[in-house]
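Heads up, the next two complexes both have chain A, just with different partners, chain B and then chain C.
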Partner chain A sequence: MSKYVMVIDQRRCIGCMACIVACKAENDVPEEHFRTRVIQEVEGEFPKLRMELRSELCNHCDNPPCVYNCPTGASYKDKENGMVLLKKNRCVGCKACIASCPYDARYIDPRHGYADKCTFCSHRVAKGKEPACVQTCIGRSRIFGDIEDPESEVSLLLREHHHEVLKPAAGTEPNVYYINRILKG
Partner chain B sequence: MTEVTITGMNSITYPHLEVWNWLVAMYLFLGGLSAGILIMSAIANLRKWPDSASGPHCEKGVMFAPFILAFGMLFIFLDLERKTNIFWFYLTLQPFSPMSWGAWGIMIIIPVSFLYALSTAPPESRHNLRFGVLIKLSDMMWPHMKRLAMISFGLGIFLGIYTGVLLSNMLARPLWNSPILPVLFLTSASSTGAAFLIIVARRAAVKLFYTKLDIWLIFAEIVIIVLFFYGQYNSSVSSKASIMPFFTLSHEFFFYFFAVFLMAVLLPLALVMKLIEMREDHADVLSEATIFRMNLSAVMVLTGGLIIRLALIYAGQLVKFM
Partner chain C sequence: MPISRRDFLKYTSMAAAGTAVSLSDAELFSHLFAISPEPHEDVNYIPTYCEVCFWNCGAVAAVVNGKVKKLEGNPYDPRSRGKLCARGNAGVGELYDEDRLKHPMIRTGERGDGKYREASWDEALNYAAEKMTKIKNEYGPESVAFMMHGGITTHLMNLGKAFGSPNFGFPSYGQCRAARMVAYDLTYGADVGSPERVDMANSRVIVFFGTHLGENMHNSQVQDFTEALGSRAKIIVVDPRFSTAAGKADHWLPIRPGADMALMLAWINIIISEGLYDREYVDKYTAGFDELKESVKEYTPEWASKETDLPADIIVETARELGRYAPSVCVHPGRFTAWHGNDTQRERCIAILGAILGTWGREGGIYLPTKAPLAGAAGMSYPVPSRASIAKGPHAFAQPQLMQAVRRTTITADPYPIKAWVVAGTNILRAVPNPAKSIEAIMKLDLLIAIDIRPLDTAMMADVILPECTYLERHDALKIDRGVSLSVGIRQPVVEPLYKSKAGWWICKELGNRLGVGGYFPYETYEDHIKKECAAMNIDYDELTRVGTKFYPGTDNPYITNENQPVFKTPSGKIELYSSRLAEQGFAPIPKYNRIEQPEKGWFRLLSGRSPVHSFSRTANNQKLFELFEENVLWINAKVAFSMGIRDGQNIILVNQDNIMSEIIKAKVTQRIRNDCVYMVHGFGAKSRLLSRAYGRGADDSRLMTRFIADPISGSTGMRVNFVRIEKA
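== the complex of A and B ==
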């Protein structure tokens, strides 16, 4: 069985926002909504400043509050590959998943009324391709792969580098890992 | 110094989450109110009254419970983005989703509370039910009134707690993510239920009975509200930040400050009015002035219950888990 994860190497992000554009084009994301975002955070006092470019997306958590709060089973965790996905036809648009996500990764598609979010481009992955944001990433900052395969690029990166996840205290066990994050707290 | 620039923030989550609004607050309020009516009427009907050996003492009020709950459901229905998919609630039971439990629970509570209401109709006034089938049903339920009252008491507790769990289950929203919230909502629900029954009850003894009960409930509610804010203040950074809108007198947060201010005035004032009421000697028939005072304090309690839910729904979406 596979377990897909994304590694974001922040040393390599140049903030070109191509990932955002690629995602919107690939997934027909409605206006004013995004499945991925890039946060530019500058910390410190001049001249001692440090800037972090941080890509954020659905963390495809192992302990996903969006799935537990969904009253209809529309949100589910795929047992085959670990992705948090949606059965859109089942969604009633109650917004419980949006309110329960600590990462604000979801939105309501105003054209159809269902909740939506990053799917790791599951339709592309099923065909053996990489997610659109990964394929388009000019600096190779986003790396996608199967963490269960010890020889995969993500496994090697995570073995060799110190890595962090967002909001670990939330206990959601995210599957998006960051290399070279500004240490918080 | 921290400067943050975000490219690609969803309009729904920026500058803060705006997914649930007054429709959900109304649903929680009306759900809580019907829960309170069920709990309070069950208490009244299960206790021994000095003036009669048996029989219902709350036959007027309990009939409102299923209709108020159904009316509350209308608000959550209006909040759904895909209303035609509502049947999916009833094609699955998600064990970890409070909303799923609530959807099923309400489907049980509405008919049971309706049967309970029918069972409380005394034989002499049963003709008021108008429809033959309802009168027959009422005849059938009459012997089971006590049993239905006990079941309704349990269902009322479930419903009152559920309205709080729906929010407290949201780890991502620190204002809601408190174990005290379901207790606060249950107490507030019971208090609003008692207040509602004070308004609709006709008999002086029943009105005074609920007034006595409501004194304890309002007192408990005030203590729980204080403990809720105190607990949040002494918890994590996120929890502390989440209550700040209630204590910040700025233009942006004025409504939250005003909500706390109103609750701090309404609830104690209603409590004082009820205490004065209890100290006075009352005849079997209450004077108009007494009834007015009782109803006024009950309206204050109901307003307080609505304000709590509105304030918590909106403020809960201002601060996220950090």
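== the complex of A and C ==
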């Protein structure tokens, strides 16, 4: 059994958006929709400013409201690898998952009518490759791996660094971790 | 079998060490992709190098049934290292842009009114060649000027020289790198190269002046910068604007625009007077230290504080940091350096600062050029033009590549007329300040030939338009990379050209044939030519086509050692802190500070820069990039905006000192910029209606640059000297 997580080293992100374009090419994401984004936030007053670049994507939550609220069982949590995935043929496009996700991680694919979101590039991971965004990440800011493996880079990073998740109060128990965070979440 | 990350590294280091990579094609690159083809599908993985910008990163295309499915970085290539930037990842958006130029066109209406008819290649090429020949017969070959950027450069230079013209215009010179190239040549006897030989991955301190690195994706260099961030190097960013790089900095110095030299001269003074410089290095390798020491005495921190609008104690503190970590300091030489008209002297300051800190040839500074064992094929010998180039302008140290000089002569016909332009791969109406002047020049021409991929504004002024195919559909010159190690990369077609577009080499060769200089293109296909070059350079061509990039073992010698001493091709054979060549020509041999003009109240200095998802004005129509950044906005200081009643997102118009108005642009009200300047990303405001997405989006910065100050030393066109006021739209 594995449990895949992503660690985002915010110090290393340069806001280049390579990850976004690579993700879209890999996963045939429709125009004007995104599975991942990079948010730039600036706090303070000239000239005392601080900037944060924050990659966001589906958190593959351990306590996923999108799964609980899916009436058809299309959205599910994969027990083998911890990924939150979707059986497209079961999805009726009711948007219950979209409404219940606190992270705005999902969209309806207008070409097919089903819900879609980041899959951690499960098709790549199955073949032993990193997700597309991680592969192309110019800053090596996105790091992917198995948290069950104590020797993996993600395990190492999470042991060595203070880390946070987004919206912990939502109780979703995310699996995307942020290190070297600059602004208060 | 999937190949693990460890294997990746193994192959990369094998490639780097020059070991023949003996893997089958499928093994070489298939592990980059997760493509599961249907049984009837044919999948190929083909390496080439990217041209969405000039960084030329090694890329690999996964081609499924003749269509490019995805691009990845080539892990064996030094400029991509297996990663493409957003634009490189969006290369398919260039290839499959339905707005591409599809067939040759000949103008039927007036210049600029967009009326064309479709023509065959034969007709269009004959038309172009006949007109060029007529101009040559009447005025001489010098009256045809050639302007270019990117992959076509080798081919079009060949054509221009064969034709007998000495007149070339490179916006990438006068509008970008000229000041730096000249300043480093004067100081060290050599430029820092392209890509710049900055050893940022190993720097303890990095200094950027007004950089857009990070906003401008020079792939491998940005990777090095993020390595430095990861290893907690100290970052000092001097910029009136809180750029992305400034957002990563330990010290952001929001300097008064144009006062950079005051800060640098004060830094040099502090470093010398506090004994923080590298004494041994200075003694051994530099000339003119005593003169420098004397000359910078007047530049105290207190004085610099007034000029720069920065606290004196911060100036001292940052100078000491440079001294403390020297020589592992990278004072980045910059790339876009055409700022204020005194740019060569500002770049001289950067070069001198680096020299006294002992950074040239030192780890974390600027590494030394590779050894160059490449034999190479014999060069062509071209006819000697009977008249001298006008493209040097009146600038003492400029190379004859200045676009503004070509433009000026086209308008004045002094000392001789320029009657035709052949423009390829550069959008002159955006790339050169004040497009109204460019249009004035174009209207004087007997002939404008455009070779381009997209119907950009300049192409749509042409008499004949020759559609080039994209980099994914053609061969180009070998990429000789002088990074830490020497390597050679290949650009080769991954799919057949779409529509009736043709490779740039073919267009130039066919024009050459019709101009009677076909002998300068002694190959049937460019692939034949590359094969010959490879043979001369002792490269296995077939291997190169499979691997994409090939390293040369033993060509690296990045740092100074006892055995490996640097060579400075200056008159003194040393690093010239005092430049004898500048003195001879009557310029200050050691940079002196001169205050530049500042805007009056109600006026703002116009700054422009880059977005990480666009290359100049070229990619604005690429759907995959457009959806991330549709148009530029005007950054305006929040306090200023409040006092003027301008809200975030409000439509505004800029008016410059010559009453030229901008297109409508949205205000971005922000803390991230000083109150004496405004900022926008360059490359927007397209006028060509054939660009269905980019047309009419955002504002054109170059149009507001009716004033520029050409640097007397290098000809660099200082563009940050234009002032604007803001009106509500």
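The rule is short, and it goes like this: the second predicted complex is superposed on the first by the 183 of 185 C-alpha atoms of A that agree within 3 Å, B and C clash if a C-alpha of one lies under 4 Å from a C-alpha of the other, contacts with A are read in each partner's own complex, and residues count from 1 in each chain.
As a convention for this text, contacts are C-beta pairs under 8 Å (C-beta built on N, C-alpha and C of every residue); 3 or more make two chains touch, one makes a residue touch a chain.
Please read these numbers as outputs of a predicted model, since none were measured by experiment.
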Contacts of A:Lys95 with chain B and chain C, given as first, second, both or neither: first
Which of chain B and chain C A:Arg12 touches, first, second, both or neither: second
Which of chain B and chain C A:Cys121 touches, first, second, both or neither: second
Contacts of A:Glu32 with chain B and chain C, given as first, second, both or neither: both
Which of chain B and chain C A:Cys137 touches, first, second, both or neither: second
First, second, both or neither for A:Gly73, with chain B first and chain C second: first
Contacts of A:Val42 with chain B and chain C, given as first, second, both or neither: both
Residues on chain A lying within both footprints (that of chain B and that of chain C): 15, 17, 20, 32, 42, 44-45
Interfacial residue positions of chain A with respect to chain C in the complex: 9, 11-18, 20-22, 24-26, 31-32, 42, 44-47, 49-51, 53, 121, 123-124, 126-130, 135-141
Complex contacts: residues of chain B adjacent to chain A: 1-13, 17, 19-20, 76, 79-83, 85-86, 88-89, 91-92, 94, 96-100, 102-103, 169-173, 317, 320-322
Interface residues, chain C side, partner chain A - complex: 2-5, 31-34, 36, 70-73, 82-90, 92, 214, 217, 219, 222-223, 225-227, 229-230, 242, 244, 246-248, 252, 254, 612-613, 623-625, 627-628, 637-639, 670-674
Interface residues, chain A side, partner chain B - complex: 15, 17, 20, 32-34, 36-45, 65, 68-74, 89-96, 98-102, 104, 106-108, 112-114, 167, 169-172
